[in-house]
Each structure stands twice: as structure tokens, then as C-alpha cells.
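Both complexes shown next keep subunit A, but they swap its partner, so subunit B is in the first and subunit C is in the second.
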Partner chain A sequence: MSGTISQPAESEGRAVDGAASQPQEITQKIQEEARRLLRDDKGDVVIGYCQAWDDEVVSPCFVTDGSQVGKLVFNEHCYHNLARYLVGCEGYLTSRFRTDEEAPRVALVSTPATLRTVVGLIQEHQFERDDLIVLGIVDGTPVGIEPDVTVGRIKVDRDEQERVSAELQRLEMMSVSERWDWWEGQFSKCIRCYACRQVCPFCYCEQCIAEENQPQWIDRSSSPQNNRSFHIIRACHLIGRCTDCGACDRACPMNIPLSLLYGKLAAEVQRAFGYVAGTDLEATPALVDVLASESGER
Partner chain B sequence: MIRSDELDRGFVEEILAEPGGEHLLDCWSCGTCAATCLVRRYEPSFNPRLILHKAGLGLREEVLSSAEIWQCSACDACYPRCPKEIHISDVMKAIRNIAIREGYERPGVTAEVDVSTCVACGICSAACPYEAISLQTVVWQRKPRRAAQVDRTLCVGCGTCNSVCPSSSISVEGYTDLECHDSLVDASYAARPPAGADWRGIGLVIVCDWCLHAASDVEYASHPPEGIKVINVSCSGRVTPAFVTTALQRGVDSVLIVGCKEDECHYKQGSTIAGGRMAMLQSFLDLLGVERGRVQFARLGSLDRGKFPRLVDKMAKDVRALASLTRGN
Partner chain C sequence: MEARILQRDRLLQLVDELIKDYEVIAPRDELSYGEIGSSSEVYLAEEKPVKSLKEFFFPDREVLFEYLLRGEEVKLVPLSLPDDTARVILCARPCDAAALPILDQVFAGDYLDPSYLQRRKSTLIISLACQHPAKTCFCTSLGGSPAGTEGSDLLLTPLSEVYHVQVITERGRALVEKYGQFFQESDEAWERERALVEAELRERVTKRVDVEGLSEALEFGSPIWETLTPQCVDCGVCTFLCPTCHCFDIQDEGDPGGGARIRLWDSCAFREFTKMNVAQPRPTHFRRYRQRIMHKFRYYVENFGKTLCVGCGRCIAHCPSGIDITEVLNRVRG
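Let's turn to the complex of A and B:
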């Protein structure tokens, strides 16, 4: 899961290398860097977070003008995976439509999960490392690239990790048919809005298998059976690619616990293939690298 | 009739000079390669011994223009059996390289890319066992765009690229998504018990074209037990998780995927990729409440005669006892 900032009052947070920075410090550093990049004409756009309608809500923001730099913030609510805006048919860096000269110079405020996502996207040839200025926020967990500027340090959100693994353990204790029924309840909530897909930085295909009708692998009506197929197939498309950023889980309007599915996926990939997505820039596109690295036969 | 004045010694020298072609003249013409070769099941005219012999005689035109030199998939089943230790697929490759230089083209189907939907992620090119796919800039709707492109001289049409493509943008005729989907759905319905039958539980076997070595196993596959249907795919690496979910949704209770033993895969690494993917799929299904036994992956080697009927018979027996997956839905 993406790291969030620990509150000063929480002395429980386990230390990572280097002390965690205060949110204000990180905000200040981001603004400083953004101002410098735009002033020196080193970048065309800075993608970061700004305050939305409420103190507890931030939204993604795209700063192209030095006077707007003050909008950029960073706090514990900044967990969106901003790499989503780099790829897809409207992405800033989607290189397959543009020549090198036309591509904007983008600076991206990146949490550790976003950093891993950026690595995955570079592996998948969506853009080159040099196309992106990374304003990284690190937490000591391995990421496959060195940020151009490290704007802050945060602590790993162990609570969320423990919540997911406890929940997974609880599920594994159940009998198979109890698990089926539990998920049946979850999947019956799905309204097939595809928010999970839209928010996922790796779901950048222009034609999704979920909307394909020749052949129709996944029936579009939202019965629990169809929803189950959709989520299985989406998960399989993300084997070795998903960086477990948790964006789909948070985007789901029906609160389907997708972090369990993708937490399991990440854990299984690590257990079976010893691979953590987004930690090795040199790896071939990860889906294949993972699948071909070892026999999966039981 | 072969006229000795038509033999082209220069052709032989050319092959010997080509990397991989060095051992051409070592061949005794014993025919062990032809006896082992799996391609012969589908292409009876294919005979590696004859190709090597003709090439060794210097029949340039006849060898270079033949369809056979393109049919070897480099599975190397013959290599360990050759008493002269000739790496036959390398010799084939050397001959093909000469053919490519002289402008000959591979006949038959190869993978094709739908440029309009390809997202140029390069996953297919990493998966391709023959390094036939690369990312290139092409013109699409009068604009340049990057997309995967297939080298027709290298592609053998295994379909592994299709199964890893997230946007279903690459396919091989004969095993396209649509064709596979239709045969899956047809088989799922055809396996159902007739009205009034006293049994329930149906199974689907997805078997790769190359892993059944004994004629009796092939015969068995065309007459499986009641409630079981067998469908063919080019390679187990062609099977995607969508195949499995589609079958399960159509009321199939159990799916068995059969591929080649890892180092005997007809398409080099197709069955390795299939094995990894199926293991991951099984663990998802397990988390979602589908018993592990419902979806299985098995491998068959060239010495596993009779194993296929045993696997399927066991499946036919087990599937009767499985509860319906939809549980009354």
C-alpha cells in the first residue's frame, strides 16, 4: 500500500532509514522545485496534489504556470497514484502517438507506490526514464528508480498492510464454500462502473477486454458471476505488473475490498517468483518476466 | 530425377558457412529425426532427413522454395536423438536465413497485429519464444504511431503473444480469440448431460496440439468419456484465464489444461508461461472460493504414453462428485 505521513503524535510508527519529514516541509520542497522547474523552463507541467473542497480531501492538480505553484500541497491524504496521468490515450507521455519533440516535459510528485508504477510503465515502453522529472517521496521500501529530486521521506503505513494481511488470513481460515459466499456478497455489490480500471495506471489499453464484444469474454450485465469473471481477468492481466498501490480499492464506490485481491496477487508473485513489481527497471515487461522465470507447476 | 549437372556445390558451401549450418554434411540419413518429429503429424510431407539430404546434394531451388524449411518450430525433439548430434533446427535456420536473403517468404499463417488497439507495451515481444515481435513506428490514419510488428520470417504462429496481450491486439488465424471463444462455448454446451440423464458434472479439457505423442492418446482425445469435451489449442501458452472463466460460467465444473513438459514444449517457452499463469490463476480462484481441483494444469512428455487417458478418466470420475459451482444460481 502507499505510504502515508505519520502524525507527530504517533510515536508508534516504526522508523525507516532517515527521519520522516513533516508534511509542511514536503509541501515547501515540492513548491520550491516546481517553481524552479517552471521558472528555468526545465518543465512544462508539474503533476501534484492540491487541496480540494475539504481539509481531508486532496485532488490531483496540474501546474503549468509559476503563479499557481502555491496550490501544490502534500499531506497524509495524498495517496492517488498520479502515474495514471502519464499513460493511456490522453496521457501526457504516451509516446506511441508523439514524436520526441512534441512530448511535454513532465514533473511528477511520486509517492513510493507511484515510483514503482513509473518503473513498471518504463518497462512497458510507455515512456523513457529521461522523459519524466521525478519528485520522489521515499519511505525506505525498494523502488526501481532514483528520484531526480527527493522531496521528502514518509513512513510505511504498516497499519494498512497489517489490516490487509489479517483480512487475508481470516479469509484463508474459511472453508472454500464460505469464501465463495463471502465474495459472492462482495461481487454482488459491483455495479461495473469500471472505476477500478479507470484509476489503474496499468489499465492504459484503449480497448479493454471488458468492453470487447467480438468475442464477449465477459458478459456486461452486473450479475455476481459476471463480476467475478471481470475481476479475475483484470487481476490476471496485472500479474507481475500491479504495484499494489491500492488506487482501485479506494476508487471503488461500492467498497469492494479489491486490496485483498491485489494484495494476494502481489504476495503470490513474490512467493512463487521472488519478484516485486516496480523494483527492477532492467527487467523485461514484468508479466512475462514473472511467468517465464520459473515453473509454476504445483 | 536428379541430374548431377544441376547440383549446386556453391549452395552447400553457403549453408556450411552460415552459422548453424556447419554440420549439414555430417548427416547419415538414418531418419531418426523424422521418426521423432511432431510436425509430421500435421504436415506428413515434412521430413527433416530429406531436407538435409537435398540441401547436402546442393538442390538450391528445390530446397529454398519448399514450404518444409519453414515448418520446423525448433522444439528440438530430434536433437538429443540424432546419432551424429546434428542440431537440425539450427541447420534449418541457416537454410531459412539464406532463403530470406534471396527473397523467399514464409508460407502459411503468422501472428497479426491490430495497430488500432495495440498499446505498444512490448509484453508480446518479451513473451515471443522466437523473438519475432518488435516495437516499431508505423503509419496509422496518416499519423505515426508505435505498435508491435511481427517478423513473418521468424513467427511460427504459436499464439503465445495473443495470450499475454492485455488489449487483445495480436492474434494468429486459426486460434484467434473469436475462434477459441466459440469452440469453448460450443464444447461447454455439448458436454452437458442430455435431458433425463442420471449424472451431472461436466469437464472441459484444453489440450495443446503437440503434447499427445501416442496415436492411441490422440484417438482417445477424439472420443472422451461422457460429460467431457476436448478442445485443441496451438500451445498451452495460448490459454488465457478468460478461457477458464468462460467455461466455468457456461456451467463447466472442471477445466483441465494439458501442455508439453517444460523442456519439450513445441514452441520453446509456451508451456512455461502457461504453467506460471495457471498457478497464479489457481491461487486467485482459491481465494475467491473455487476449489483448487476444479482448474488443473498438467504436462505431458514424449514418454508419457497413456497418461492422457488416465488423467481424463480420473477427471471424469472426480467431476461427478463436484458440487455445481453456481450453487443453484
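Let's turn to the complex of A and C:
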């Protein structure tokens, strides 16, 4: 059984690969669009990336003024899923700390995984398609949404896909008890900083089960048992939703390869239901489909 | 300065001798310090371990007491102090050691925390000067140094052929005397070389922050906080990896039949931080981040005369959003 989400036909991938833009071109295009949106008063804030404290580090940034547009960059270090800033109780589109009239018009620099995330968030009624100006970067994989402006084309990182696929296969070759021990070893490293959850756009719940205490579903301290409960429950909450952006892996200071867990679950969802999260705005999400059919509504 | 010399090839032999007499803790992999059973397990890398030393004094999960319900009767099992096995922490980073006297202000000041004190008393710290300060390090701005002695009992500085061993405390001297066969007296030439090495290591720390007058410059009511760190995702990375952050929560874990009261690390970044029955006093991000900066660079200074930061740079290196606290401080100052 393959452990990865299948990619589109090779020919389609190659066509885009062939036309991949240079990072500088993407940067330039993002800046142009941001300048235009702010100048023409079509948008209030552009969420993108800017250079941080080192050449190899970028930071999400929020440009509201034409004079700041020059900060925006795009390069291989831009892995953060910026859709994270749209949702949740302080999110740009869903904040409960302002009135609807004060809602800003947001433009979002979106990598392919972010585009799939936007689709998922619209399906989950966090906001409407028209609430967002999408500055999309595409790579030929299905993204389920047409960007308002395509600001760049990048290549799929085949090496990374192969690495993940090989790692998943290695885990699947293990016996159940070996695999359990391996994950226990990973979860025991967890310090419960919740970086994985905090960078994830799908973890927009105002009250996370990890903090709920009436009843207390998961104890808060970092013990192997508590950590295991947290990560398994979080994984279950992401089934059929995770768009494999990898932000959690990158954020985890303890190098826990969480995306292997979510990737495996995504592969199972694809195998069982033919559903790949974020690739079709009109599709019924797998979990909704299953729940509806089980309750006899379908 | 009292000092000895340790031949390079004898360090590992010394470690194996120490393991016979002490619980020995050293950098064990890229993530953390941990107990080692042999000198071959010491993991010496350019980068400091992701986690600091604080968990060996202030664990991320500590049982305060346990309870058992037997029929109608509740039985309390009080806090058991950590065992008093003598521990040696080896190859500590000078910044991690420097954090301990800062933590002492809270856990061994007005209030004496029994388990913290027990761990402090039973632990001897041998630091190793940092040969490869990272781009994120700024210890020299906080009064530290890659070859700083604060909080250590002994400091090893690698010289061209040997380790220079600086004796900082009585405890350190006792250890050097106990294992006298490993050490020889230092001389003026070695001392000169050590001073040159430290000067050179200090030069390699390039990130700076100006803390002169900083605490007075930080104003709770300033409008700058509101737009300072919108990219922050409110995770606990910076606070949990910080060797000086020490906020904790107390939680009951278990079921009606039995359980425990636990002290665990908390973070001002969390939405639940200090949440009370009536309200969350810091409902939005900027209020929580302001708390972090004000606590470290103003309140702690006012309370204890020390800054709650040693410049280890972990909060910069591991921030998922690329936030650099030195830049933040520079901006707050205006």
C-alpha cells in the first residue's frame, strides 16, 4: 500500500515544472500585486512573507501600506501556511475582537498547500471565497481553487515526497508493536508547546480539547501517556482535513515528524473514499460524507 | 584566578570516573541534555541542545502530592523530595549555567522551593566554553560570555592542546582535588592563552541588544505593543526552551479513585495563561507578548535586579514565525 497522496499525471506536473518561475520573479509579482491592491484601495492588508533575522529565515508579514511593499519576498524558506492568520478568535477574517464592519479586505500569498487549506476552510464555513483575495503560487498539483492572481509557478519537491514516502513505507514494514514503540519514542519527546497546533490553520477551535477541563479529556502535563493522547486526538481531528503543508513538522522544536502521521491518515482517506483534502471546493468532505451516510441522511 | 590544566585526551577518562561516583548529565543529542552511562554518550556539537538545563531543576512535570480514595477515606501521599544523589552536569553551556542564579531568585529567594533547592544543592556544574556561538547568540549583551563563569562550579575552556579548568566555587575545588590525578597546575602561559581564547570567542558573538536603560524604556501603556509581533502564533516554543522562563501551572490529574497534583510548565503565550473564573486578563495576542517582554526586561529587573534573559538565542533560533527578540527590543525602545 502506498503511503502518499497521489500526485497528478506526470505530464501535467512536467508542464508546470518546465515553466517554473525564479523566486525573484515571484517576489516581484507579489510586490506588484500588493502595491496595486493597496494603491487602488482593493485590499487593506496583504499577508505574505518577509526576510527575518537570517538569509535562510523568513517571517510572515502583514503589509497595510504601499511604502512597506518592498519587504515582501518569496523563496524556498516560505513554508509557513499563512491561512493560519485568517481564522481563529483573532484571525483576520474571523476575529471576535472587532465588528463585521471593521473586517479588513485581505490578500493572501498562498503556496499550493495554502491554496488547498483555503479550500478546506471555505468548505468548513470559516469564510466565503469572496472574502479573500488569493495571490496563488501553483505547482501543477490540484488545488481546488482558482487564485485571483497567479503570482508564480514552482516545482513539486519530488525529493521530499520520496523521502516521506520511503519513511512511511519503513514504518509500515514494522510490526504493530515496533511501530507503537517508535511513535511512543517520538511522542515522549513532546514538550507540549503546541507549536504544531498553533501553526495549523485547521486548529482554529477557540476551545481546544487539549485545554478543556470540564471534563478533562487530556491531562495537561507532558507525560508519555498525556502526549500520546494529545497527538492521537489531534491526528484524528485532522483526518480528511490536513493538506500536508508540513508547517507542524517545521515548527516542532523536538523534531517530531507529525506529518507522517497525518500523511498516513490522508492516504487512508484517499484509498477508502477517493477524497484528497482541498482539491475540490464542491466535494463533500470525507468525514461529512461518512457521518451523513451513517446517520442515514444519504 | 585559580585554575588547572586537563590534557585533552583525559577528559573522557575523567567522565568515566565521574560516572562511577555521580549521576552524570551531559548533552546527549541535538535536542537535550540527559543522563549518560558512559563517556561515549556525550554529544558535543556546535549547536547548543534545543532544550536548556532548566528541566533538571524545574521539571516540566512535577508531582506535588498524590491522593488515593479508599472507601470513605482519602489518603494523601505528600511530596517526596527528589533523591539526593549527587549529580554532575558536564559540558553545560555557560548561558544555561548562568540562568540558574537567575532562577534562584524565584525558587530559592523569599520562598524556598524544597525540590528545586534539593536539586540545586546536589548538583555540581562543569561548563564548557562555547567554541561556536550561533548567529542567534547574544549573551555578551546580557553580561555573559561564551566562556562565562556565572552559575558554574568549574569552567573548561579548550586551548590549543589542553583544557583550561577554571575553579569557580569551593565545590568545584573539592572536585578537582578529589580527582587530582587528572589535573595539573596551570601556569602563566596557559592563563594568557585562555584570556586570548575568551576574547576571540566573545568576538564571535555578533548579535547585540542594548539593555542599558531598557527597563525604564519599556512602557506598559505604549501603543507599539499592538503591532509589534502579529506573526506570533502563540505557541510555547520561546518560553519552554528559554532557560529562565519559569511560569508554571498547577493541575490535578487522575480520577476520583486516585490521582496527583502536578506542577507543569506554563507559558504567557497561551490563551489560557492565568485565566480566571471571571475572565482572561490578556485576551489578545499583544497583551500576552507584552507580558513576556515586560516580565523579562522590566518586572524581573525591578523585583530582583536581574534581567530574565541570558541571551542564549533559543527563542530566536526556534521561533516558528522567525521572531527575533533583539529586534523586538530595539523596536520597543524606538
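Remarks
FYI, the second predicted complex is superposed on the first by the 262 of 298 C-alpha atoms of A that agree within 3 Å, B and C clash if a C-alpha of one lies under 4 Å from a C-alpha of the other, contacts with A are read in each partner's own complex, and residues count from 1 in each chain.
As a working rule, a contact is a pair of C-beta atoms (placed from the backbone, for glycine too) under 8 Å apart; a residue touches a chain by one contact, two chains touch by 3 or more.
Keep in mind it's a predicted model, so treat the numbers as computed, not measured.
In the superposed model, A:Arg158 makes contact with neither subunit B nor subunit C. In the superposed pair of complexes, A:Arg35 makes contact with neither subunit B nor subunit C. In the superposed model, A:Lys71 makes contact with neither subunit B nor subunit C.
When the two structures are aligned on the shared chain, A:Leu265 is found in touch with subunit B, with no touch to subunit C.
By the touch criterion stated above, A:Arg105 is placed in contact with neither subunit B nor subunit C. Set side by side, subunit B and subunit C differ in how many residues of subunit A they touch, and the one touching more is B.
On subunit A, the surface patch touched by subunit B in one complex and by subunit C in the other comprises residues 97, 216, 219, 226. Taken in their complex, subunit A has these residues touching subunit C: 52-54, 57-62, 80, 84-85, 89-90, 97, 189, 191-195, 197-199, 211, 216, 219-223, 226, 247, 250-251, 253-255. Every residue of subunit C that touches subunit A in the complex is listed here, in rising order: 30-31, 50-51, 60-61, 135-136, 230-231, 233-237, 239-241, 249, 251, 253, 262, 264-265, 267, 270-272, 283-285, 316, 318, 320-324, 327. Chain contact summary for the complex, subunit B toward subunit A: residues 117, 119-123, 126-127, 135, 143-147, 164, 166-169, 177-178, 180-182, 240-242, 245-246, 248-249, 262, 269, 272-273, 275-291, 297, 299, 323, 326-327, 329.
The touching residues of subunit A, when paired with subunit B in their complex, are 95-97, 99, 124-126, 168, 171-172, 176-184, 204-209, 212, 214-219, 224-226, 228-229, 232-233, 235-237, 239, 260-261, 264-265, 268-269, 272-273, 284-285, 287-298.
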